[in-house]
Structures are given as structure tokens and as C-alpha cells.
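Order of writing sets the chain letters: A, B and C. Residues in each chain are counted from 1.
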Amino acid sequence: MSILNCENLSKAFGRKVVLNNVNLSIEKGRIVGLLGPNGSGKTTLIKIINTLLVPDCGSVRVDGLELGIETKGIVSYLPDRECLPDWMSVEELIQFYCDFYEDFSKEKAERMIESLNINIKEKFRKLSKGTREKVQLILVMSRNAKLYLLDEPIGGVDPVTRDYILSSIIASYNEEATVVIATHLINDVEKILDEVVFIKAGEIILHDSVDNIREEHNMSIDEKFREVFR
Amino acid sequence: MNIDRQFSNDKPIYVQLVQRIKRLIVSGALQPGDKLDSVRDIALDAKVNPNTVQRAFSELERTGLVYTQRTSGRFITDDVQLISDMRQELATEEIEMFFENMKQLGFDDAATIKMVKEKNHEHS
Amino acid sequence: MTFRLLKYELRAVYKPYVLVLSVFLAVNIIFACVVGLVINALGDFGIAIGATASLLWRLLYMETGSVLVSVVSVFSIVRYVRTIWGKESYIYQSIPATAHEHILSHFLSFIIWLVAVLGVICAGVFISDLMTEGFFLGIFGFIWDENELIPTLLSALTLIPYLIIHAFFSIAFGQSFHRGKWVITAVFYIVTHIAAACIAILFGTSFLNKWDVFAHDLFFCVYTAILAVCYYFFTIKFVDSTRETY
């Protein structure tokens, strides 16, 4: 059964068409790469699924439900920017997530924070950039959601943090959950993906499993991406 | 269980995983009857998708090199004959690839064999 | 969910409020002590000084009051914009809460701070009064006529919430446009304000001669309350159907 279903989705900002008739269906239990260059509509698509934007036309269903309170409860979203209330301490942020999401595991979040030697009493804005990214990811992955939407989770972080983030994604994965990773850093995420969706100028031009692409074209996703977007 | 994290671009990752685990078994790094790490551990170790590891395991189970015990996990086969067959198979593949590569360098089979013999003398 | 949101809204801004209000109270108490001492020590001459000082102080109360009410309004609007369209919207809009719950929590937070600010100012007056043995309220007593006080309070009680909801509504309307969000917000705010006032005057004048002042004020209150409720639901509608975060 599909966890995410987009039908004829379109969105324009003023005259600029950002998504053009997008149809996308993603199954349960997959790690999916939403790949495209900057400005191709990745973030817009993710924001629509997370109800931060209202599409001009088309419909989205998450786990068979229309977008709304119920879907917000099962979608865990990592924005492409820092958005946490920075006046809170890490501890307060954990409590914040705990208060608002029923599926949040406080123990898991605290364990992960502890394993990184982050001072839980520290104010969020006083942490280094890499640590802030990690905290944000920990909060998102500590939810037991059905659909994780990660927008550029590894953009602008050092290789060690990148490794940590990819490991946490693998460690949090289960058969009931689907993870969608939007990024243009394909080389780094390629190994952890089941399938890829290529998005170009607001249209989906390829949706296939990683194994298929490697078998049929004898090239990595990164090479295929360069070929398609050249 | 140590699996190299580098994968080549031309083949699916699960195929490369199968090859690596086969080599670990044939070389004796994994002994008959040994328990394999869990899917999640291998995925974390090699930084690959858990479904990919799962697929590699299914492939290995199909060949009989690995079997699953419902409750306790995955084990290497106790069938020594099967492992030695696999060793033979891998060796054959390796030799065929070697001859293929030599052909590309301009040596026919006879010339190649001759060179190998000479090299062998140097060694001993 | 509304109360959980409210809890975080209150926590987001409590620090400056607590600081300003405690400074205000402290200054107030010190001042009242000094005035009390002067009155006791200097007799009639002291009372004259105290009266002058208290009149000045009364002015200061009004100014502090209006400044604090403006600050509360501005803070509420800033939080409202930031959590629904701004930086923190990414997290707040992902929470499983309806637009209604979000807006209600902002509105309640505004009311709570407003009551707190007004409460502290009233407390200041009473503390001063206690410390000067009834001197202060004596000064206040002759400023406010009881017949005027109740209608004034009644109007203020509906007018202030009305104004904040009107601001929420105008912002929600302005934000639904792709360009010129803030210009549209400002124009919309002014135009609807004038329109609402014109309707009130048209209705008001036709009844004005038949009603006394109190009934007139009551009409005004009911009118603003109805408008506020309408604006509130339009705000929810706009936030729900045309959301565009930055």
C-alpha cells in the first residue's frame, strides 16, 4: 500500500510554475531520494505534503488520508533551514516535541543527545551549526512516524556530521516507515536509497529503483543524474 | 564482520555485497556455522540501505550458502562441499576475467599461460 | 492542543514582561514610600508636594499603561507572524493543530498579557495608596467619574480584542498574496477600519437621539464583538486555504 500519493499536483508562485502536474506514488518501507538541482521544486513538493503550502490544484494523500491534522501526526519533517525556537534549551526542545507529538520517544532523543555529548541544558542558539543540525535531525528521527520528509539533511555539514546523519537515518529505519530525502548531494546518499525520483523544472522525469538503474545503465545514480541534468 | 564501504558504480550494491560475503565465506573469514550480523548492523556498518542488505541475504540464501533459523538469525551453511564448490566457481570467474583482461592487452591464451609459468618460476 | 500551544506562547515572551513589570512595581513602591515619608514629615507642605508628584505620577501611569499595551500588541503580532508564516512556522505548522487552535492560542496569550499588564498597573496604584494611607486613590477619585468609568471600561474591553483580531485578520489577508504582502496588509487594515467605523456611525446616528449614552456604548460593544468574531473566522479561513510560508 502506498504511503504517499500525489495526483496532478501543480503550484505556481505568481507566474513562475514550480510544480507542473506531478504524479508520485511511494510505497511503505522505502528510503527514497528526491533528487534534483536547486530550484527544481523539491522543497515546494515537500512543503505541500507537510501542508506548509497549499497547491494550486491536485491532491495529496498520506497513508490514504487527506492532508490535515491526522497526516501531520504521522509525517515527521526536517526543513531545509533552521526553524527551531532558538530561545529554548535542548532539553526544552525535547519537551516541546514530546508535548506536541504522540509518537515522539523522549528516551530515544535523550539517548542520542547524550551519545553526542551535547549539553542538554545549553540554549539551542549557543550550539555550533553542525550540532544544531544534529539536534534538529535527532528530534525529527526520534518520532515514530510513518513518513519522514528530510529536506537537505546533509547540506552544508562537515563529512563527520554527514556520516552521523546517514547512520541515524539507517538506524531509525523500519519496514513500516518511509523516508524521503530531498537533496542534490547524490553521491553521499546514493548507497542508502531504495529508489530515486528525479525532478527537473517541476516535473518528475524518472522514478525507479536504484538497483534497476545500476543494472540497466551500468552507472551509479550520480552518473545517471549528471547525464540527465547536463 | 568487516565489509568494505567502497562500492563501484557499475553494479547494483546488493550484487557487490553478495560477492563480498561470498569471498568472506570462501576465504574462511566466516567459518561454516558462524552467525551472520543482523541486517541493520551490516547496513549501519557499510552505510547502505537495510533493504539492500536484505536483498543480498535473500540472494545468498538462494545459493544455499546462508540459511535462516526463524528465531535465532542467519548462519553460514555447514555444508563444506557447497563452500568448496563456491570457491571453485569464484576461482573460475577470476581466471576467466584474467584471461579477458590479458586479451585486451594483446596476449592470447597461450602467451598468457607462458608468462604465468615464467612468473611462477621467479617466485619459487 | 490550544492550551499546550498557549503554554509555549506564554513562555516565549514571559521574560521581558516579567522584567518590565517588576521594574515598574519596584519603582512604584519606592516612589510611594518617598511620597508617604514626605507627607508625614512635612505636614501640609508635604501634602502639596505629594499632590503635585502624584499628578505627575498619574500621567506616568497612563503613559506606561499605553506603552505596555502597545508592546503587548506588537509582541503578540510578531509571535503570530513568526509562527504562522515566518521562521518558526516550519515547526509550528507541522504540529498536528488546526489553524483555529493556533490563532486562539495567540489571541489568548495576548489577552493574558494584557490583563497581567493592566493588573500590575492597578496593583501599583493600590500599593501606592496603601503606603500613602489613602492619599493616592483620593487623587484618582476626582479624575474618574464613576458614570464614565464603566462605559469606558466596557468599550476598552471589546475594543482592544477587536483591534488585535482585526490586525490578525489583515495580516492573514495580506499574507495570502504572493507580492506586496505588507502593503496589502496595511491598506486592507485601514480600509476595513474606516468601513467598520462608517457603518457604526451610520447605525449609531440613526439611534443616537433615542438612546442614552450607556445604550449607545452597549450598541458599540455588541457591534465590535460581532465584527471580531467574523474577522476571527475569516482569519482561520485565510490561514487554512492560502498558506504560503517564506
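By definition in this document, contacts are C-beta pairs under 8 Å (C-beta built on N, C-alpha and C of every residue); 3 or more make two chains touch, one makes a residue touch a chain.
In this text, all values refer to a predicted model and were calculated from it rather than measured experimentally.
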Q | Chain contact graph, described as a line, ring, star, complete graph or other shape | A | line
Q: Considering only mean CA positions as chain centres, point out the chain farthest from subunit B.
A: C
Q. When the centre of a chain is set as the mean of its C-alpha atoms, what distance in Å lies between subunit A and subunit B?
A. 35
Q.
Please tell me the distance, in whole Å, between the geometric centres of subunit B and subunit C computed from their C-alpha atoms.
A. 75
Q: Go ahead and note the Å separation of the Cα centroids belonging to subunit A and subunit C.
A: 41
Q. What residues of subunit B sit close enough to touch subunit A in their complex?
A. 7, 9-14, 40, 43-44, 46-52, 55
Q: Would you mind writing out the residues of subunit A in touch with subunit B in their complex?
A: 29-31, 163, 166-167, 170-171, 173, 191-194, 210-211, 214-215, 218-220, 222-223
**Q.** Footprint of subunit C on subunit A - complex, ascending
**A.** 13-14, 47, 50-54, 69-70, 72-73, 75, 77, 79, 81-85, 87, 96, 99-101
Q.
For a test of understanding, state which residues of subunit C touch subunit A in their complex under the given definition.
A. 1, 4, 7-8, 12, 87-91, 93-98, 178-179, 241-245
